[in-house]
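Consider the two complexes below, in which subunit A is the common component and subunit B and subunit C are the respective partners.
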Partner chain A sequence: MINSIVNKFRQRNFVLGFVAVLVIFVLLGIYKPYVLIEGIQRSSLYALIALPMALLLGVVGIINLAHGDFMMLGAYFAYFMNVQLGMDPLVAVVPALIVFFIFGMISYYITFKHVIGAPELNQLLLGFGLSLVLGQAVNIIATNQPRKLSLDYVSSSMKIGDFQFGTYEFIYVAAAILVLVGLQLFLKKTRTGQAALAVGQNPRGAKVVGININWIYLIVFAISVAIIGAIGPIFGTRNTIFPEVGLAYTLKSFALIAVAGIGSLTGVLWVSLILGLSECLVLSSLEYAKWSDIIFFALIIGVIMYRSHQRQVK
Partner chain B sequence: MLEVKNLNVFYGKLQILWDLSINVGDESVGLFGPNGAGKTTLINTILGLVKPVSGEIVLDGESLVKMETDKIIKHGIAIVPQDRELFPFMTVEENLRTGNAYIARARKKYQERLDFVFEIFPVLKERLNQAAGSMSGGQQRMVAIGRALMSDPKVLILDEPSGGLQPSLVTEVFHRLKDLKKSVSVLVTEQNVRQALKAIDRGYILENGKIAMADTADNLAGNDHIRKSYLGI
Partner chain C sequence: MRIKFLVGLLLAAFLTGLFIVAAPVQAADPIKIGAILPLGDATGKDGIRSMELAVDEINKKGGVLGRKLELIVIDDEMKPDKGAAALDKLATVDKVDVFVGGMSSGVTMALIPGMKKYGKVTVWIGGASGKIEQALEGQDWFFHLHTWDYQQIAIFNQGWDEIAAKYPNIKQQRQFSAYEEGPFGTNGFKATKGIIEAKKFVIQGEAFKSAALGGGDYRSVLRHAKEFNPDIFTWVGYDKDAIPMLEQAKEIGFAPAVYVGSPPAWPVDFAKSPLNEAVVFYSMWNEAIKNVSKPSKAYSDAFHKKFNDAPTTYFGPLAYTNIMIVANAIKKAGTVEKAALIKALEATSYDSPTGDKFVFGKSKFINHQAYASPKIMQWQKGKVVVIWPFNIATGKLLYPFPAWDKR
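Right, the complex of A and B next:
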């Protein structure tokens, strides 16, 4: 791992990007420190939610449009565990991991197993359908009434000089780093992770070296759902939840991965950082705050135009 | 070792293999025939990628017909596909490792297998950290053969190993094939019959999904039909 970091620093573009990010950090830190802090926290939430999708889409090529809905289910799971059993949502992360791993396996068997190898449109329609089913199921069981947990510790804050900022949101930073490192270790150090990479690069090649590719699709899908399901409780501690809450995050995650480059987990982190900081910077201006959503789409359009231009040049 | 008995394979209503039987012992066996004769279909059937309507495929006394591909590979069949089917973004070392990692029997002998592959293809040792996708066709073929050998197979199947290679590399590949047959049973399909006959012990001629002829390499090389149809003499 240290070698790969050293190798990264040997690449000119990486060093330039790294220096640019450092400069932006320092300038923002001096000019608008709250933008820097909130930007990092917001970026981490984006990255955290996008990473399990990056595993599924980038590594084994499954497009799961119900991604955000699994997070929504995780948030409801934590909500009801809290209301019914008094379990703290952050503790509920552990049972959520197990419950959603199993739920992911069942969902895969019922749905995505049947469209592996089929054209992407089938996966898109299936994911969209699954998203509707999950959303409406919650709507029927829990109604569409917005729900929010009242937790004291989420409003914890810190003061440095005159500058006060929320500290709870740093949990997103810690969780994003944990998920990224965990996924990297899974892909690099485990046989199943290596098999997942092999299946992603060449399913037929994977078959002929003795990899059970159906098992790999199942496991990677279940891991992705387990992680996003376990992110739900963390998300639910700070945000109001309702049946459609996941949809926007599915779209953002999908776009983040498209911009980062399919298959790049660390790329997701960098792009989230750019997006989070830019959004917070725009939000910090009273005059232009309402434009913040446009930043996201402008970034995507810009990157896609740049990429297609690069391809034409080649 | 590997026995294929009375195999009948269909694609839809079209019968591709007709009551086909071959066997591979501790030797090197060639499978020749024109395009569309059914060579690749036979290999895909042995690998479980195509299921036969009737017939048996037995490896060391155990039937492979109902097994999935990964189980068949774990039982000791290794394949070097015509299109190589490497993992292009993985390094040579990672490609070789995937050939070994999912076969419990071979995993214990990783270093031994790796040394064996380097002995046959020394060039791979120098290119361990190169991405497989960035190598030339001939080198990729070596990686594919190396990856198959890493699984410590009982039977190694090579599907058109000379396909797409320049003539000097074809000679090189068949030269290596001769070395290989000392340690593993080999089944090779090939259109370059002239080269292949020098490297094998026995051969089958497959025509229209049926075995048209089966004999030793020397006899096949001397057969008038073979000389006229396949060797152009």
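Right, the complex of A and C next:
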């Protein structure tokens, strides 16, 4: 791991990029410190939610449009664990990991197993259908009444001189780094992870060399659902939850992965950082705040068009 | 030939007999009222329960014109497409006599083409957007029981003027409005801006993305508000924004002298939030009004008795009023026939549990507008207190909004 970081620093482009990011951080920190802090927090949330999708889509090529709905379920899980058992939502992350790992396996068996190898459109339609089913099920069981726990630590803050900022959202930063490192270790240091990379690159070849590809798809799907399900409680402490709360994050995660490049987990982190900081910078201006969404998608369209152009040039 | 004639005669006699026998049954058929409400939402939950309460009370007294009232309710899930489908079903499958209900402006906008197509008498409690009013200009079958956005804003400003006159230490010269970026918030801000600027006060506004639409980070808007240092800060959004907005205000240390929240309803967890102290809001009704209004007390007591619970939003008494106004008009008209019913509705004068008398009059674009007067209320020690109008006030304004570190 350390060796790979050292090797990265030997590459000229990486060093240039790293220096550019540091310069941006310093300039933003001087110009508007809250843009830097809130931008990093926002970026981390985007990355955190997108990473499990990046694992699934980038490594084994499954498009799960119900991704945000699993997060919504995780948030409801933590909410009711708190209301019924008094469990703190952050503690509920642990049982959520186990419950959603099992739920992911069941969901895979019932749904995605049947469209592996089928055209992407089938996966898209299946994911869309699953998203509707999960949303409607919550709507029927818990109603669409918005829910939000009141937790003291969620509005905790720090003051440096006149500048006051929230500290709770740094949990997103820690969680995003944890998930990224965990996934990298899983993919590079475990046999299942390496097998998953092989399946992603060439499923037929992987099968020929004796990898149980059905097992790999099942495990990777279950891990992805377990992680996003466990992110639900962290997300739900800070945000109001309702049956459709995950939909916007599915779309954003999908867009982030498209820009980062399918299969690049660290790319997701960098792209989230660029988009999160850009959004916060635009939002910090009273006159131009309404452009923040347009900038998000304009950046995405720009990068995709640039990539397409580069490919044609080659 | 003779046999055929005899069979024909017998058949005719049979059908005539059937008609005679069936006629009284038809007369006893229920009067069908079709309601569209968001049943998963607190407003819809209060609405459906209150409508059922009203229908039960009427039916226990023998119904209307010797016929029972039958309430057919469809959940619109606050989605325009579901609302439009619900209206079609009520009109074509259930064949209801009157449309009632409504909540969201967005859903109501989607229902307008269907309402116009069927042209049934509609007594509507939802939709505050002035655009709805414009779209329904000249439709004599449409009766509206909710204030339009511009009416609400004018009344609230009158309220603040009266409060400021009574308590000279309360300032309102600088106002900041954070509004959700959809038509609900944008139109509301436009109307507010006009009124505030006409009073030579200063107002600044900024749109935010509601959590309902994938937003939920309000810190940049709140920071702009903090920099502006307003006398009154108002946010106009949805119930999903209520608690995070307060938490983020606390997080950045923003405590304006008056903090006003203006969602259609408060989320179920808001009453339990320790941050709600001194939050001001606008509403048509709260249970505290039963102390000063007999119809409100009667409604509240009946609701408690039937459901062992309390209504939490003004859509409860408004939905009750909805059914009562329709039933009274049918009784007065002696029929559900459209022209007679419209005439009877126009003569409505009903003392509502909201504490107001409902009488239809003309608004900007429509001829049949009646509404409960909005009130200014405040959360104090986890309970709601009516601050204005002073004649029905149940407490005094807690001013200024306490600093976060002094709670």
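Just so it is clear, the second predicted complex is superposed on the first by the 314 of 314 C-alpha atoms of A that agree within 3 Å, B and C clash if a C-alpha of one lies under 4 Å from a C-alpha of the other, contacts with A are read in each partner's own complex, and residues count from 1 in each chain.
Going forward, a residue touches a chain if its C-beta (ideal position, glycine included) is under 8 Å from a C-beta of that chain, and two chains touch if they have at least 3 such contacts.
Just so you know, these numbers come straight off a predicted model, no measurement behind them.
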Touched partner set for A:S157, first subunit B, second subunit C, both or neither: second
Contacts of A:C280 with subunit B and subunit C, given as first, second, both or neither: second
Superposed model, subunit A: greater residue contact from subunit B or subunit C: C
Touched partner set for A:R42, first subunit B, second subunit C, both or neither: second
Common interface residues of subunit A - those touching subunit B in one complex and subunit C in the other: none
In the complex with subunit A, residue positions of subunit B that touch it: 47, 49, 68-70, 73-74, 79, 81, 85-90, 94, 97-99, 101-103, 147, 151
Touching residues (chain side subunit A, partner subunit C) in the complex: 34, 38, 42, 139, 143-150, 152, 154-157, 159, 164-166, 168, 238-240, 242, 245, 247-249, 251-252, 280, 283-284, 286, 289-290, 293
Interface residues, subunit A side, partner subunit B - complex: 191, 194-195, 197-198, 201-202, 204-213
Subunit A-facing residues of subunit C, complex: 38-42, 45, 77-78, 181, 204, 206-207, 209, 211-214, 216-217, 219-221, 223-224, 238-244, 247-248, 250-253, 267-269, 272-275
